[in-house]
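These are the structures, in structure tokens.
What follows is a pair of complexes built around chain A, which joins chain B in one and chain C in the other.
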Partner chain A sequence: MNSKKSTAYNNRLGIKGWVYAGKYTFERYLYLAHRLTGMGLIAYMLLHILETANRMRGVVAWEGLMGLFALPLFKMIEYALFAAAVFHALNGVRLLMTELGFFLGRPKEPVYPYSSSIKRHRPLTYIIMALASLIIILGGSSLFFP
Partner chain B sequence: MSDKTTTPREITFRVRRFDPDVDTAPHWSEYRQHVHDGMTVLEALHQLKAEQEPTLSWRSSCRMGVCGSCGMFVNDLPQLACQTQVLHLGTDVVTIAPLPNYDNVKDLVPDLAPLIEKHAAVKPYIIYLDQIEIDSPTGEFIQTPDQREEFSQFTHCIKCGLCLAACPTVATDPLFLGPQALAQAYRYTADNRDCGMKERISAIDIFHGPYQCHLAGACSQACPKGVDPAFGIQLLKRALVLDSIGFGKKKPSVAKIMPLADVVKAIEEFAPPPRTV
Partner chain C sequence: MRETRLWSWHLLVIPIIIVLLGLHFAIMHYAPVFYGVSVEEARNFETMIERGKSVSQLVLYILLLAAALYHGLYGLRGIIRELPMTPALGKIVDITVICVGLFIFAFGTYVTWWTFSYPVGG
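Take a look at the complex of A and B:
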């Protein structure tokens, strides 16, 4: 007879369940993008403090660093940062509005086929995403073609 | 009535197996069987157990989407096995795994204890502070159809736990109260007979509470009863914000008690139309 003690298997998805949006709807991907851009912006804040601290090392060190940041690679990173900030800010406005109960409709008796608040506020989602895309494109054109 | 006259199609079922007495980790087993139109995943599992794999375990009861026992991860989405038709999935290979974000007891059986514990933690019952009225009632609580509609949607929860399996926040934060409990917290908070916001707030307005939800909407997509738990969470957030700035519901005046003598009159007022047959 097997002497192994019966124990349940830990089936928590962990980071994979957070990152992999799979077959879920558009909003599930926005959730992922909102968190990733949020973490990216926090990381940038820390790096930005380190970067500006270089000013204390003198003008030569500072200008050397600025020369490094003028390289095309850093232009691309700067643009990605800009795009992340725009997306995070506008999607944050959408989340704030829904958290205060706007654009979600009213509760009603569920009758099949069910209508969810997620679908009801989708026009707002599309408008916000279109606005974010427009700002990101305009920002890119002014950054790369001043 | 299902149409069994069409030719059955052969489908491969990839089923995740785990026996805690033998295995240290789950493994996948494949079975092929014929499926006819209208056959649900639950019926397919019963057939599979009867004809090929007698040791296969899962949990189910009503077979009609009411008991909420047969939640499974079917083709990478949490679904009730009894409400999911195999051929509607549109794939020749159907993968069936236990609900994620719960401990796996055996094969397709999840341990739903955390769901029930979180549900109980938000005090899912009407709290009325006037104990004298509770002990010696002088009348009945009045609730208009409009007041009922404020929370009625959320009363349809069958505690199947699909929403917690779908929630990406629950995946990384085991202490997050989750869509089911938070929607139920709103269900009772929004009830005009309830005076429990102050008692309930210590359980829900916490770090692992509603503000961890960033509206992924996966819970509402997974919910088999149209409860829309994501909606309940947003409405709960609004109720908490309004309460914190002093614009919350003024309790207990909202719950009106009608003297018993007037109840008969009210019943007549809300009575259905006379029978015609």
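Take a look at the complex of A and C:
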């Protein structure tokens, strides 16, 4: 490895850096889930636009595609998409509030016993994740048992 | 400064996406709950065309398309740009993301416009 390259790219783990959360906290795993759901949603969105364009091929093509989407497998995919969107949106709201400095508490001197901003933020994390779980469960029951 | 502006837009479009995607889910995926009609009925060709002829739907869907594409592709670009790469490769990633975004936006807008201008009675 040449010295220029190692200087330019040291301390960058690449994909391992964000996939492996190690001993880090709950929020670190939420970060990973946020990325995975985000990538899933953008991939689906691109496919969804192409699939929506199928209407231009006429009634028969459209109804055929909608018939396919009524199959249980596609219902499951639809539900996974809904769950991913709800999680990503609510976790995103939490991140937005953190970004804007809400629910982090006042800055304190690092005196034992320590109280980190992450710990002060934790109740909000639990509330938001409970809300996301509730919406995902309700969404599932409405989708499968209308 | 440029990155700050791009990041700010990434955050500013979030409320738009939440509201409009919520509406999209309510109309297309949860029609029995919110509108009292079956999903099949909500996705029927005639119903879909009828809905698509509304000016508000045309505007809101194009807005959702732009906001979601920007938010999603900017996020994806951030994830890719975190990986070890040369500045030249980073530039290629940026240009590719912009081109894909513009293409999908143009295509999605065309489909929405096609629905809006679909002749009554087929």
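Here, the second predicted complex is superposed on the first by the 133 of 146 C-alpha atoms of A that agree within 3 Å, B and C clash if a C-alpha of one lies under 4 Å from a C-alpha of the other, contacts with A are read in each partner's own complex, and residues count from 1 in each chain.
Operating definition for what follows: a residue touches a chain if its C-beta (ideal position, glycine included) is under 8 Å from a C-beta of that chain, and two chains touch if they have at least 3 such contacts.
In this text the structure is predicted, and so the values were computed from the model without any measurement.
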| item | value |
| --- | --- |
| Touched partner set for A:K108, first chain B, second chain C, both or neither | first |
| Chain B versus chain C as contact partner of A:R55, first or second or both or neither | second |
| First, second, both or neither for A:E99, with chain B first and chain C second | both |
| Which of chain B and chain C A:I42 touches, first, second, both or neither | second |
| Touching partner for A:A85 - first (chain B), second (chain C), both, neither | second |
| Greater chain A contact set [chain C / chain B] | B |
| Which superposed partner A:I15 touches (first chain B, second chain C, both, neither) | both |
| Chain B and chain C footprints on chain A, overlapping residues | 9, 12, 14-15, 17-18, 35, 99 |
| Touching residues (chain side chain B, partner chain A) in the complex | 18, 20-23, 25-26, 75-77, 98-105, 110-111, 149-154, 156, 166, 168-172, 174, 214-218, 220-221, 223, 225-228, 230-231, 234-235, 237-238, 241 |
| Touching residues on chain A, where the partner in the complex is chain B | 2, 4, 6-18, 21-25, 27-28, 30-32, 34-35, 95, 98-101, 104-112, 114-118 |
| Complex contact set, residues of chain A against chain C | 9, 12, 14-15, 17-18, 35, 38-39, 41-42, 45-46, 49, 52-53, 55-56, 59, 62-63, 66, 69-70, 78, 82, 85, 89, 92-93, 96, 99, 139, 142-143, 146 |
| Residue numbers on chain C that touch chain A, as the complex places them | 11, 14, 17-18, 21, 25, 29-30, 32-33, 38-40, 43-45, 48-49, 65, 68-69, 72-73, 75-76, 79, 82-84, 100, 104, 107-108, 111, 114-115, 122 |
